[in-house]
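Take a look at the following structure, please.
Letters A, B, C and D mark the chains in the order given here, with residues in each chain numbered from 1 onward.
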Amino acid sequence: MDFIAQHAVLVVSLVKIVILLLVVMTALAYLTWFERKVVAHIQSRWGPYYVGAHGLLQPLADGMKFLFKEDVTPPASDRLLYVLAPFLAFSLALTTLALIPFGPPTIQILGQPVFVIANSNIGLLFLFAITSIGVYGVALAGWSSNSKYPLLGGLRSSAQMVSYEVSLTLSVVGVLLLANSFSFNGIIESQSPNIGHWHVWKQIVGFLCYITAAIAETNRVPFDLPEAETELVAGFHTEYSSFKFAMFFMAEYANMITVSCLATILFFGGWLSPFPESWTWQLYLPGVGLLLIALYCAYDTIAHMRGIARIQLAVVALLALIAGASCLIPAVMPVIQGPFWFITKVGLFLFLYVWIRGTLPRFRYDQLMSFGWKLLLPVSLVNLLVTALLIVVVKR
Amino acid sequence: MSLPLIVFFACGVTAVLGAVLLIVAREPIHSALSLILVMVSLAVLYLLLGAEFIAAVQIIVYAGAIMVLFVFVIMLLNAGVEERTNLSKMAKYAGVPLGFFLLLEIAHWFWRSAVGARIANGSGTVNASAVSTRDLSMQLFQQYLFPFEATSILILIAILGAVVLAKRGE
Amino acid sequence: MFILNHLWIILALPLLGAAINGLLGRHWPKWAVNTVGIGSVSLSFLGVAELVREFMRLNAAQVPWFVRYFNWISVGSFSVDFALQVDQLTLVMLFIVTFVSLLVHIYSTGYMAHEGGYARFFSYLNLFVFFMLTLVMAANLVLMFVGWEGVGLCSYLLIGFWFLKKTATTAGNKAFITTRLGDFGFTIGILLAFWAFKSVDFGAIFNRVSPMPVESTSGIGILTAICLLLFAGAVGKSAQLPLYVWLPDAMEGPTPVSALIHAATMVTAGVYMVARMHPLYSRAPLAMFVVALVGALTAFYSATIGILQTDIKKVLAYSTVSQLGYMFLGCGMGAYAAGIFHLMTHAFFKGLLFLAAGSVIHAVGGEQDMRNMGGLRKKIPVTYWTMLLATLAIAGIPGFSGFFSKDEILEAAGAGPHKNLALWLLGLIGAGITSFYMFRLVFLTFFGKPRYNEKKVRVHESPQNMLVPLIILAICSVIGGWVAAPHLVGGSDYFESFVHPVFASYEAQPVVAQQESLAGGASTEGGIQPNPEMEVLQAVTGPPVIAAVLGLLLAWWFCIRKPSAATKAIRNLHGLYTLVYNKYYVDELYAALFIRPLLWISTNVLWHTIDEKIIDGAVNGTAHISREMGGRLREIQSGNARTYATWVVIGAVGFTVLLLGLWMVR
Amino acid sequence: MSVPISYYLVLSAILFGLGVIAFVFKRNIITIFMAIELMLNAVNLAFVAFAHAWNQLDGLVFVFFVIVVAAAEAAVGLAIVITIAQNRRSLNVEDVNLLKF
């Protein structure tokens, strides 16, 4: 018991980790659903529809399928690395989330902030450190499965990630100069009180560089060369199957989430609300939003759903209703603000991701490289330079 | 046995293990991975020493960039198992024992060195006061400005060299 | 005050001309080269004229006029400025140099018209003028030495102007090397002066010298040492005994060069130097005596050689040597003014003599041997008359410039403060011989019947641009001495009173007083107060005239009246004849004494032993050793990186052991 | 209590020695490179430890420089390795011994 008293850090952190994992896992699962839906609509299809209402149970089904697939390991592969690679990728991808503050540090339990697991004052650096390690998952996967497509994929990804990591970091430094801090909370606080002070306005160039580099960093369209179906069967994870494949899959989405969170924190004021403090009505927004969702679900249930789907959607509506109502409890209301805004912004970024995927064609490899080195890097450098100069001038 | 000590020994053992692995591994890529292991554990040690920035840089640059280069090259050249040729006589009869001797010697030396003495009478123990990145950068950009610029030039030259070599390779 | 503030212009112009002609002139037409060459010199001559005008305006306090341009050398306490100074002495020299060289330039345009390397010649001449002016205007010993060596260089270049002629080049070398012997002493003298006076500036040196007493003639004091060393340089440069041998050979150069450098200006640098350093000399009686002695001996000795020379230019060369001897005699007697005066007149008539001789040679088509001339009187009248006037001047016939100057020198020798009868006698006989061989030259050249092949040689008078300088110089050499005329009747000597301030300054007073009491008041600053003892003066001024006339008559007797007498005389004193005819075998003597041993040593010892055996041996030995060691050591470099690594490890271990040991010890 | 400095130093010494051994042992050029990196890391550890022991920032700065140099070295070195491999079809240092007497 006194152990708990002494090492409150460990206990609370453990609890937070567990919760976060649960949340993120589900989030990942439903992110796939979300992506498929959006892309489908962009391509004027319906997307997953039959497993559960609006295909809401599709992720579950996929998970099952992954679990029960046979786990094939190529005989010529390098066993150790072959197994290691997906775990590395996935675990690192999740680790980064530990650094992300989903809400203000002022809300605490046992003297520990609730909404962040590891609250470091150089959080940004750590995040980059971990992401930079993330390369190995892909690279090793490519190497260990010991066949040509994965090898090519691995090569591509390692080269690509190293190249874009540079401009990614550089594009962020501008924000650091403005915020004058490495810690996420510091950065976020420097953007208070309202939308006018978000760094995105001063750092628009940096933001564009960042988002581009981020997409490349996460191997997403249009930079998904390492797993380009049309060129290398499935890139680095050609040889992978069942759950190992799932891990790569989830790692990719986790990375997407991380990067979006980062973008939110750096450029869009993290968990800050865009409106000034004085507008008290904004406190109701989370609850109202959820209630609206509940309302829509209810309408949909009654209007279109038939059979089992009707029940499922009703459950969803009910859940949303409860959540919305609980958000309107005065005690909860201030607590929920931060996460609400944060998640909303991140959601928007994820939508952007999917949108881009649905829209843009894929680069050629040489284009990718020359774009990274000859355009992105110089631009972010110049941006950094100009920012520094302006700051000095203004300081004077 | 306090928390820092536990962490230290965990990381230290990992590091040594990694180093040994680097030696015994026959696949270059295994060596590379073990080296990465060493680096990461060292980074943790740096954290323990309160050098957060250096720790981060260690991982970002060393593990995240340099070693990626290594791995990349290994994959590019598809470097397989290294064939066992016999050590050169020098290496076998002089190098190896001397290497071990050096190891022990340095260990002993450090142990008995002035610092060691300070440890003995309690002082010099690590008080976990984190070095703020601001101070470090002040040091770097004021007192060590010239070396810093020099290194930047060094890097530039290195880039040129690499490019030239690559071009000639084609 | 323009030129006084910009003295450098006078220097810069000839240098500029030299540069232009030397670098660009090769492909230019003659007229362009002439414009540059003559233009530069004439401009600096005008500069000098202007300088004289402005100089006269200065009050005594401002003399010597001193201009410091920049610090040239500065090593510890040793500091040399590039500084120029102007006083009366300098003015005289400037005037002579620029004037004569201007005339020579003009003359050369005619004389060198058909020669190759026209521009080269003129650029050399200009360069010479530049260095000579530097020498004259220098305000410190080192800068003076620069000019000193510079003129030496130019003389070398010009003697060897026809560098395809072996004799010419060897003559050039001879001149350079012989002079170098003297310059060695000169250099040491400079260093000694710096050591003694902590400066090389004339002003500073003289200020430090002025309180010093006169050194005793017994033993060599510091002043005496410096003076003798500097005089060694003068001996070399001004071709005195025993270093005179180079001057006759220097006649290999073009005649204008002989006129300008080896008669009028460069060879007189020594005299100028002695005069310039007079405060030191007048405190070093021994050195004075040496100067006088050397001067007198040379005057007599080379005159005797001159008697039997048959090459017209050689005769003039030896006469130059002996005239220089007279100048030194004058300086040695403390009559610096007289020395300088003779220097000026000599510049006129000797320059004229050479130019005229050149004109003669030009006329008879390159023939230099007087035995193949004769009877040219009618053919080349202008040359004849000018040369006659010059001869009268040098022979010291009353009324002509040479008479006054030489007379003053002999007067100083006979009745001056340091008077010495032996030297006076030498000078006197020398004067007689001078007039003898000079008239012999004239008679052989212009009188009698032609001894050259009249079919082949078309004798013709030289062109205008050669004759004009002759005439001008002739006028100068007639009237040049008149400034001193009143002196003879006890009046004042304008020249001397002009340069008087220079030599009066820093004068060692007590000596003069003592000497005056001893010499019955015939002080060298003579002519300022009327001379009380006229008969003494007559006694010393009469004999030279007589001697000169005697010489004239003898020459007439031997060359015109009874040539057979000459041959008889020769037969009677055959031994003496051959001795003198072969210039006392001095060249052979030097060859035997110095040159051959030197050659032997440098060949057998320095070359075959030291260089080949020791030095080369050492070099080859080192190479051999290193090659052997390399052969042994290279096995270490196996090319195997890991072996290298092992070596590194060994080194590291060793180093750590060392550190550990040190730490243990502590 | 917290960790004594000497522990760190001993650790770095051990790592350095292992690096040396690796350098001598391994044949693969790339691995030898890694050995060098390992030694550099060991030295870095010592640097940081000292910096901490005496509360001097200079040690950290030096680590910074070491890392920079290592990066440069790796870039050039690996480029060389690639060329060697392309020319000699081998990564074994034993085969790359033309540069000798």
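Brief remarks on what is shown
Keep in mind that, in the parts below, a contact is a pair of C-beta atoms (placed from the backbone, for glycine too) under 8 Å apart; a residue touches a chain by one contact, two chains touch by 3 or more.
Because the structure is a prediction, the values reported are computed rather than measured.
Ranking A-B and C-D by contacting C-beta pairs places A-B first.
When chain centres are taken as C-alpha averages, the shortest distance to the whole-protein C-alpha average belongs to D. Note: centroid distance chain A to chain B, computed from Cα atoms, is 32 Å.
Between the CA-based centres of chain C and chain D the separation comes to 78 Å, rounded to the whole angstrom. Note: centroid distance chain A to chain C, computed from Cα atoms, is 101 Å.
Averaged C-alpha coordinates put the centre of chain B at 6 Å from the centre of chain D.
Multi-chain contact residues of chain D, defined as those touching 2 or more other chains: 20, 24, 27, 94.
Shown for chain A are the residues that touch two or more other chains, of which there are none. Multi-chain contact residues of chain C (touching two or more other chains): 638, 640, 642, 645-646, 649, 652. Across the complex, chain A is touched by residues 27, 29-30, 33, 36, 40, 43, 52-53, 55-57, 59-60, 63-65, 68-69, 71-72, 74-76, 78, 130, 133 of chain B. Listed in rising order, the residues of chain B touching chain D in the complex are 2, 4-5, 8, 12, 15-16, 19-20, 22-23, 28, 31-32, 35, 38-39, 42, 45-46, 48-51, 53-54, 57-58, 61-62, 65-67, 69-70, 73-74, 76-77, 79, 82-85, 87-88, 91, 95-96, 99-100, 102-104, 106-107, 109-111, 113, 115-116, 118-119, 124-129, 131, 135-136, 139-140, 143-144, 147, 151, 154-155, 157-159, 161-162, 165-166, 168-169. Residues 20, 23-24, 27, 32, 93-94, 96-101 of chain D are the ones that touch chain C when the two sit in their complex. Contact residues of chain D toward chain B in the complex are 1-22, 24-28, 30-31, 33-35, 37-38, 41, 44-45, 48-53, 55, 57-58, 60-61, 63-65, 67-76, 78-83, 85-86, 91-92, 94. For chain C in complex with chain D, the residues that touch the partner chain are 634-635, 637-642, 645-646, 649, 652.
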